Amino acid sequence: MAAPDILRFEDVVAGYGKQTILHGLSFNVLRGAITTIIGPNGAGKSTAFKASFGMLPVRAGRIFFDDREITNRAPRELIAEGICYVPQGRNIFSELSVLHNLELGGAAAPEGFHLKPRLQAVMERFPVLRRKAKHQASTLSGGEQKMLEIARGLMLEPRLMLIDEPSIGLSPILVEELFDLLRELRERGITVLMIEQNAKRALENSDHGIVLELGRARIQDHAATILADPRVGQLFLGGTSSISGRA
Amino acid sequence: MADLLQLLVAGLATGGIYALVAIGFTLLWQTSQTINFAQGEFVMLPAFFVLIGMGYFGLSFWPAVALGGALSVVLLGLVFKKLMVEPMIRHGVLPLVIATIGLAILMKEAVRQFYGADAWPFPVLAATTDVTVFGAVFAVQSLVILAICVAVVVALQLFLGGTRTGRCMQATAQNPTVARLLGIRVERMILYTFLINGALVTVASILITPIYLAKFTNGEWLGLYAFIAAIIGGFNQVRGAIAGGLLLGVVDNFAAVYLSSQYRTAIPLLILIVVVLFRPQGLLGRIEERTV
Amino acid sequence: MRHSRSLAAGIMLALGAAFLVVAPLGLKPYGIFILSMWAVMTIAAIGLNLTLGYAGQISLAQAAFVGIGAYLTAYLTTKGWPFWSTYMLGGVSCFAIGWLLGYPALRVQHHYLAFVTLAFNTLVYLIFRNEEWLTGGIYGISNVPRPVVLGWSMNGPREFYYFCLAHLALVSVATWWLLRSPWGLAFVALRENPIRALSLGVDTRRYTLMAFALGAGLGGISGALYAPLVQFIDPTPFALGLSLNLLLMVVLGGSGYFFGPFLGAIVAVLLPEWLRFTEGFYLMGYALLVIVLMAFSPSGLLGLADRLTRPAPRGAP
Amino acid sequence: MSSVLEVRDLKKSFGGIVAVDGVSFGVEEGEILGIIGPNGSGKSTLFNCILGQLQPTAGEVHLDGRPVTGMRACDLNRLGVSRTFQLLQIFPQLTVRKNLILAGQEHQGTMLSRLAGRPDAGLSAAAERMLGFFRLERLADEHAADLSYGQQKLLDVAMAFMAGPRLALLDEPAGGVNPTMLASLRERLQAINAEQGSTFVVIEHNMEFVMALCNRILVLDEGRVIAQGDPAQVRRDPKVIEAYLGRS
């Protein structure tokens, strides 16, 4: 029987140059759920993603995926393990067609993986992308571009999706659509780990929450519990040195 | 009118060669921020490889071309990347620029040392005759050169746009960070561009050397023209390099006839200065933006 | 440790200066000529070091300024103008043209700037070659006279060598003064972090133009000495090749180090003459040295020496 | 009390996206004003517009009553406005002392007189005082590159005060500074505010730090001022909580 957690950070230390951002970060992500990481700016949310996906060296501590250590492994290997990462901002190849962007999501496909049917299946789910398959990706709207990124991440049937600030720049309707999509992924057995600026809205759409502060996880709990926790508001707005007591 | 057409074709032919060299130049820039000041010497050298193959090993022309091409791809592609670009690029763009200036001198002097300062005749690809079409006289050589350039460019575009590897290379050029995130073997794609550059300069060398003869100084102006073509077209675009090369060839040919031949070289330089100052992204280029 | 380092540097400096003063006593005229050429090229390289090494603006046009200085001097002195006037004119007009060439640097940087300055150099070369009525075209200008200073003719090779050496000394002292003044720090600030410099009140626009103008002015002075040194000038020496060579001199010696140009010019001007027997291999070795240095020490020979002798930084906690 | 800085209806848009959407505020002499707001609320763009790094699309900036809208950063600095950047901006190849001298020298004399001037531009004593004040004496002759991150951050802030500015705009001074050093940084800033009588505007994400440092706080969201007041008021304001935690 597989462990209940799919991703685990154990005392991870990482940073940029001389600056340390993660000071021994530990948390678990439960399998088959949507988990949101929240925390004030500079808490290390994006840094944690980059460290887990081999984009930033982990200086100390270990990271496990499915109980297998993945510390400092290259993105290509992590994709093969079943992780995909949708970073913040716009990350499509604007001068390639929509179809080719999608196809590049399969760039790390193992031998014998059939991309064609997979491409069909993904486009089935995203009719907009099918309709505009031949268009240059730069012609898509902001929301469509984000969908393209997520669809591209789904090409190799990941088991865990890391998604950083997906709602930035999207209209409220599109944000609803986005959360619907994430819930649908959960129903299909994909674990979603998300970073969100809009903490309230994200937690309302999640099962679990992790609150980061200054490179450490301060709270890990059910999303609803965190939503009701008055300390969280204080954390964002400072004040009493609040919740450091209970980590 | 017939004269104009004639000039145009001759210009497009040399322009096509500039375009090949400029494409290689922009590919290296796009994938690895390499500005290769030795690019001209890269074009000068393969012709000498072919001459070595014919002179020392007694090969006939086409086998010698194959040998020269293979040597160029290995030395100017693989070895250049592994021994120069990789150790230096971490220091930034400028040290690599300086090192390629050094490399240009090294290659030039090596050729002078071993092959002398003379201009060596080089076999022509086609008969040096003319054909008359609709009253205009064209050199067969120009037409052949033009045809080969078009074929090479089309083949390259088909590879870049039509194969999965080609698209991985394009992705790497457009945004290496995201390419890596998707598991594209970025390092390998960069290597491919160096190999392609090695092949492009070989073709350019074989096409241009019969016209100007094989001489160790050939790289000086060829490199300059390739830079200019790349910059006026758009430094970060393959189609920019093509447009820039063709434009340069045509302008150069017309300038030679209609302006004083003394200041013929000044025209491309002036175009370069104007483009850099008023449209630094090039005529077809986009403003460079790299998201992380 | 720091103390012994500056002591060693001082001793080497004194020895070098002493060598430069006594060397012509034991050399044939050709040897003295080469040594004079070293002094002249060092002045041009010092100028480029200001622009590139200190202020961080790449320029591939230094040969053009050496050429402008040389042609002005050759043309006017053969028409009977006194050397001093043409020398001043060379420096001042190159300063002015250099200032104008600095404007592109305000718009574009790095490789774009390299290409603009490269194009400028080639355009100037074309003018030298084609404007026969002015420059003599490919036939050049011959019989450039050497100056007479206070009734003392500089015509002999030894005299002219000391004349060049005196100029090098003068330029060195002036540059040293400039670099130890607040300007030196402002130039380095421009190179290291122009945005921060601007926010600290450094008028980066004016300093950029000044860096180009001063570098070009020294190029012009170098040219004004070059013409009477070789006594015959034609366009060939002022092509792009010399600009690249001066760039390599500065980088090889150590860009941003005061003595970098001196050392670079030794490697690029003196050594090839002493190693003449190696023929073309010298240049190949030189090119190879540049490549290897860029891989291991982009800050040049002096940067390498600095790194090897510098005491380890006191550990920051 | 008079307004040192007066920002009137400042707007900045990039393409179609409005980053700063009509912001007005004044800063009184000697005040420490904090500007907070979630990511992308326009704080740094606002700073860059005030400081001449960006040309505002509309609106005016006045310093001591005179218009300085769109003035170049170096001229503005010589009028007494200094700043720090969100990311560390020091001169790594220069020693700590040289960094400080550089930060003050352009305020001495004219460009020409500086050419004739002493290497330290007469600032050695001032640099020494600043080193002592930020407790960097021991490191005065080290290259800035060899300092720890926290020390570099102190140097960065110290440089902003070398010329005795009337107004200092600090962009995330506490960013990346470890908790033990934060208290001393805050205390240094408050001391300099008292001693030099200079006025501060501080962008900061570390709420604890900003609430303890500032007298008054301005909250930005989506390019607009949504609240202002003293730290306690701002903290209670439901609009602020909503801006940070999101609407449901």
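Brief remarks on what is shown
Order as written gives the chain letters A, B, C and D; numbering starts at 1 within each chain.
By definition in this document, a contact is a pair of C-beta atoms (placed from the backbone, for glycine too) under 8 Å apart; a residue touches a chain by one contact, two chains touch by 3 or more.
Bear in mind that the values here come from a model prediction, so they are computed numbers and not experimental data.
Both chain C and chain D are touched by no common chain. Common neighbours of chain B and chain C, by the contact definition above: there are none. Chain A and chain B have CA centres that are 43 Å apart. With centres set at the average Cα position, the gap from chain A to chain C is 56 Å. A straight line joining the Cα centres of chain A and chain D is 34 Å long. Note: centroid distance chain B to chain D, computed from Cα atoms, is 50 Å.
Looking at chain D, residues 148 sit in touch with two or more other chains. Contacts between chains close into a ring here, every chain touching precisely two others.
Interchain contacts (touch definition given at top) occur between A-B, A-D, B-C, C-D. By the touch criterion stated above, chain B contacts chain C in their complex at residues 35, 84, 87-88, 91-99, 101-103, 105-106, 109-110, 112-113, 220, 224, 227-228, 231, 260, 262-263, 265-266, 269-270, 272-273, 276-277, 280.
Those residues of chain A lying in contact with chain B across their complex are 53, 55, 75-76, 79-80, 85, 87, 89-96, 100, 103-105, 107-108, 152. For chain A in complex with chain D, the residues that touch the partner chain are 17-21, 40-42, 168, 196-202, 204, 214, 232-233, 236-239, 241. Within the complex, the chain D residues that touch chain C are 51, 53, 72-75, 77-78, 82-83, 85, 89-94, 98, 101-103, 105-108, 111, 114-119, 121, 139, 142-143, 146-148, 151, 159, 163.
Residue ranges on chain B touching chain A, taken from their complex, read 164, 167-168, 170-171, 174-175, 177-185, 291.
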